[in-house]
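Chain lettering (A, B and C) follows the sequence in which the chains are written, and residue indices restart at 1 in each chain.
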Amino acid sequence: MNTFKRHLTALAVSAALMPAAALQAGEVEVLHWWTAGGEARAAAALKEMMEEQGHSWKDFAVAGGGGEAAMTVLKTRAVSGNPPAAAQIKGLDIREWAELGFLTSLDSVADAENWDQLIPPRISDVMKYEGEYVAVPVNVHRVNWLWVNPEVMDDVGVEVPTTLDEFFEVADKLQAEGYIPLAHGGQPWQDATVFDAVALAQLGPDDYRKAFVDHDMNVINSDRMEEVFTQFAKVMSYVDDDAAGRDWNTATGMVIRGEAAMQIMGDWAKGEFSAAELTPGEDYLCAPAPGTTGQFTFNVDSFAMFSLTEDEDIQAQKDLARTILEPEFQTLFNQNKGSIPVRTDMDMSAFDACAQASMETFKASAEDGGLVPSFSHGLATTSYIQGQIFDVVTNFVNSNNPDPAKATDQLAAAIQSAM
Amino acid sequence: MEHTQSRPAGVAKAPSGLMDGLQRWLPKLVVAPTFILIGIGIYGYMLWTGVLSFTNSSFLPSYDFVGLAQYAKLMESERWLVASRNLAIFGGLFIGICLLIGVVLAIFLDQRIRQEGAIRTIYLYPMALSMIVTGTVWRWILNPRLGLEKLMHDWGWSSFSFDWLVNSDFAIYTIVMAAVWQASGFVMALFLAGLRGVDSSIIRAARVDGASLPVIYWKIILPSLRPVFFSSVMVLAHIAIKSFDLVMAMTAGGPGYSTDLPAVFMYAHTFTRGQMGLGSASAMLMLGAILALLVPYLYSELREKRHD
Amino acid sequence: MTDVIRTGFRPSRIAIYGVLLLACLVYLIPLIVMLITSFKTPMDIRTGNLLALPTDWTVVGWTKAWSEACTGVQCNGVSGYFWNSFKMTVPAVLISTLLGAFNGYVLSKWKFKGSDLMFGMLLFGCFVPFQVVLLPMAATLGKLGLANTTAGLVLVHVIYGVAFTTLFFRNYYVAIPDALVKAARLDGAGFFTIFFRILLPMSTPIFMVSLIWQFTQIWNDFLFGVVFASGDSQPITVALNNLVNTSTGVKEYNVDMAAAMIAALPTLVVYIVAGKYFIRGLTAGSVKG
């Protein structure tokens, strides 16, 4: 007992003697949730580049839940008047933060670096508030990808499916041979990611935009939406029974190990394949999600920049913004993360086949209207409506007898109540 | 129990008026910091949350009042109904089962058991773990592909199936299992301590009268442990309300939102969905329910004691 | 009361031992699973089952969790966070326990008008879901200049811990005869003299209960830690969460489990070493209401 007490006292004393962390000039505190393999290496690359410029990087990683925990932390930090220099904020949330006056204008950097010429307008619009840049886009993810293990496909003697009907055919054969046709993690955002792809395949880009960007009730509350739910349920029936709660990269691991044949997931999954030292086109294949060839659901990661007070820190913040869009970082980062550069003027030769294909589709779909913002990743609608859709989708797919008609009604009601 | 007044009659003739005054105010001064901290940190913030629940605060607090609209929205939300029902199932089962297991183990352990100290520590240690750790371990044990089910298959019981964790109708019960595992040992300790305090002469007298041991426990000892039941319910209700961490670590509310609890609902809407008004309304209803259930209980228990 | 029951080898005793040992097994299995798993290789975990012993024992999981595992861009394991937790826990436990002791003393021996109401309010304070107070607390800490400091975090833990410590001490002191206090007052002893000379010396058991309870609660807290601590002073529970939710391809369960064990070690040691004082303290009165 006495030793226990003595330890406590000793600890209390040592705690009191600890020097307070000295604030260094030019520090950027960066809140992000890139903690999985490829993502973490991508973030580490940014850290190194900032340190090369003499700034110090204060890492503020909050893992879990696709950034939910990180958002909580960010809100409390902002409310307490002590926000980080940069935070990973996406899509329509950027505007909300800007409206509340938390964000700083980056126009001095943007003008000097000519961002308007580098970034496609569809993306730069999201980064701006009242005409000024308040956030820096980091990359462009394509969400509607199908990841395939070719060995498994060869073993069963099937080809990569290009339409939903083909997918069902292939999946039946895979299942008969004892493979899990579709690797998936049963978390709401992953359910929504698959739903996203099925909706695009069923509705096409125009009606997808009407439903998830404009919230047109004629599309949302329609037989076609019911058909989306029906097809979605069918796709999800090829997932193994204990997917509930599984992380997306664990599901990717199942494809890598050949336990499962395919996964519908954004191209961040490629980071997992790269981390396992696999080569695209040989060890694994990337194909558009069934029924969405030539279409591109985009998801853009971005850093919003908060208003700071110290001059050194503001300088560091600006350097961070500039560094993020420099070709060197864009290449290094996106190779690790699996995405494509947000700059359309980049030389893509250093990238792998999947990224090159992604870039081509990105440019082409921007022309022909096949480019749609991903609702499941917060690019299409507010976090509230997005959450409401998540609830309906995840409840639908996890209920023991899914009813597409009821789900369609619920979707309409949920979106209506949130508008 | 007799009240001790701040100035018992005998001390009226204290030496100096100043000292007397100081002595009179000292107790209040000593509790004042706590009173202020609690007043702001609990009641002030509760009031603030109450105010927000009548506004349409979205991303951050705003003071645009909309009356009862958020409460109406809440009542229509299917997810909220699931969350409320889950809290009733979880809270009821968790507290009930913990009390049952705690009482039984305490009585058994009070029978001059060898190695009592070691056994006690084994029952008690889960309480030392954080709910994050408990959730992580149980999620793993109950995972059909890695855990218990695989173990049984490896041992040759190939028809064994236990998929509650991933079945939306049963997942809430796996949360109850993990929570009971964590807290029942602590309840055992409370009851064991209570049993040690029971006057053994009462039991001897009852035995002389020919009462059997189970009857003595049921009729005499357990009723005398009423304060222990009170303490246990207090601690268990506290843990039940805090089991947010456990749900997040085990199922994160899934599959679907089948293991959603009001605290998870409130958290999701306030912090990730930018619906602070709705989140506040759910927090107020949650507090209201706690108030409605606990205050009468606290009141009756505390009143009871004054008549001792 | 144990002396009433005679020991002997009757069937009922065998049944009692049977039940107790079975319960031991149930309580122990998760810990055993954690321990075994932490010493396995990832390969072993995939092929073997839950309770199979490692084919080759390795401490890689432990060393990796302690000093190499990545949480975010830093790959220094959880060791740094371990000490952060101590820096936060020790002052918070001591302050909340001391406050609780004084409060309990006043609320049992120096009752005043409204003291019962205050006690009731404190009790209800045990049941406030912490998610509710995050934002207003953040705003308050910001105004006080304590946002994202260890001091701020300590303050938060004191506020939400003092209700329980007060409850413990109040119930303990209620059981001490008022006559003791009265006699001392007649002898001219004042408020503090009575506390330090009479009550404090007999308070060791309840101090143990309060210290153990608070240490466990604060050490294990995740929510306040993640929200109110800044990047490099985050407690170990936050690091554990980041680690468990971070994986590269194959999930390294051995590292996760080792990290979980490291996070749980201090509280486990407290329960194992000081557990008997805990029971003794509870017996001595805290549960008598």
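The rule is simple: a residue touches a chain if its C-beta (ideal position, glycine included) is under 8 Å from a C-beta of that chain, and two chains touch if they have at least 3 such contacts.
Computed from a predicted model, the values in this text were never measured in an experiment.
**Student:** Chains shared as neighbours by subunit A and subunit B?
**Tutor:** C
**Student:** Among the chains, which is located farthest from subunit C on the basis of C-alpha centroids?
**Tutor:** Farthest by centroid: A.
**Student:** If you tally contacting C-beta pairs, which comes out ahead, B-C or A-C? Let me know.
**Tutor:** Looking at A-C and B-C side by side, B-C shows more C-beta contacts.
**Student:** Using CA atom averages as chain centres, what separation in Å is found between subunit A and subunit C?
**Tutor:** Roughly 37 Å separates the two chain centres.
**Student:** How far is the middle of subunit B from the middle of subunit C, if each middle is the mean of its Cα atoms, in Å?
**Tutor:** Centre separation, subunit B to subunit C: 15 Å.
**Student:** So which bits of subunit C are touching at least two other chains?
**Tutor:** Within subunit C, the residues that touch at least two other chains are 134-135, 137, 241, 244, 270.
**Student:** In subunit B, what residues contact two or more other chains?
**Tutor:** 267, 271
**Student:** Going through subunit A residue by residue, note those that touch at least 2 other chains and give them in order.
**Tutor:** 65, 72, 75, 79
**Student:** For the complex, give me every residue of subunit C touching subunit A.
**Tutor:** Touching subunit A from subunit C are residues 70-74, 86-87, 90-91, 94, 134-135, 137-139, 141-143, 147-148, 226-228, 230-233, 238, 241-251, 270, 273-274, 277.
**Student:** In the complex of these two chains, what residues of subunit A are touching subunit C?
**Tutor:** So the residues of subunit A touching subunit C come out as 1, 4, 8, 11-12, 15, 18, 21, 29, 32, 34-38, 40, 43-44, 47, 57-65, 69, 72-73, 75-77, 79-82, 247, 249-250, 252-253, 256, 272, 275-276.
**Student:** Note which residues of subunit B are touching subunit A in the complex, please.
**Tutor:** Residues 58-60, 73, 76, 78-79, 139, 143-145, 163, 165-169, 171, 250-252, 254-258, 267-269, 271-275.
**Student:** Looking at the complex, which residues from subunit C come into contact with subunit B?
**Tutor:** Spelled out, the residues of subunit C in touch with subunit B are 1-5, 7, 13, 16-17, 19-20, 23-24, 26-31, 33-34, 45, 49-52, 99, 102-103, 105-112, 115-116, 118, 120-137, 140, 158-160, 162-164, 166-167, 171, 174, 178, 181-182, 185-186, 190-192, 216, 219-223, 237, 240-241, 244, 253, 256-257, 260, 263-264, 267-268, 270-272, 275-276, 278-279, 282-283, 286-289.
**Student:** Which subunit A residues qualify as touching subunit B in the complex?
**Tutor:** 65, 68, 71-72, 75, 78-79, 93, 96-97, 100, 186-188, 240-245, 382-384, 386-387, 391, 394-400, 410, 417
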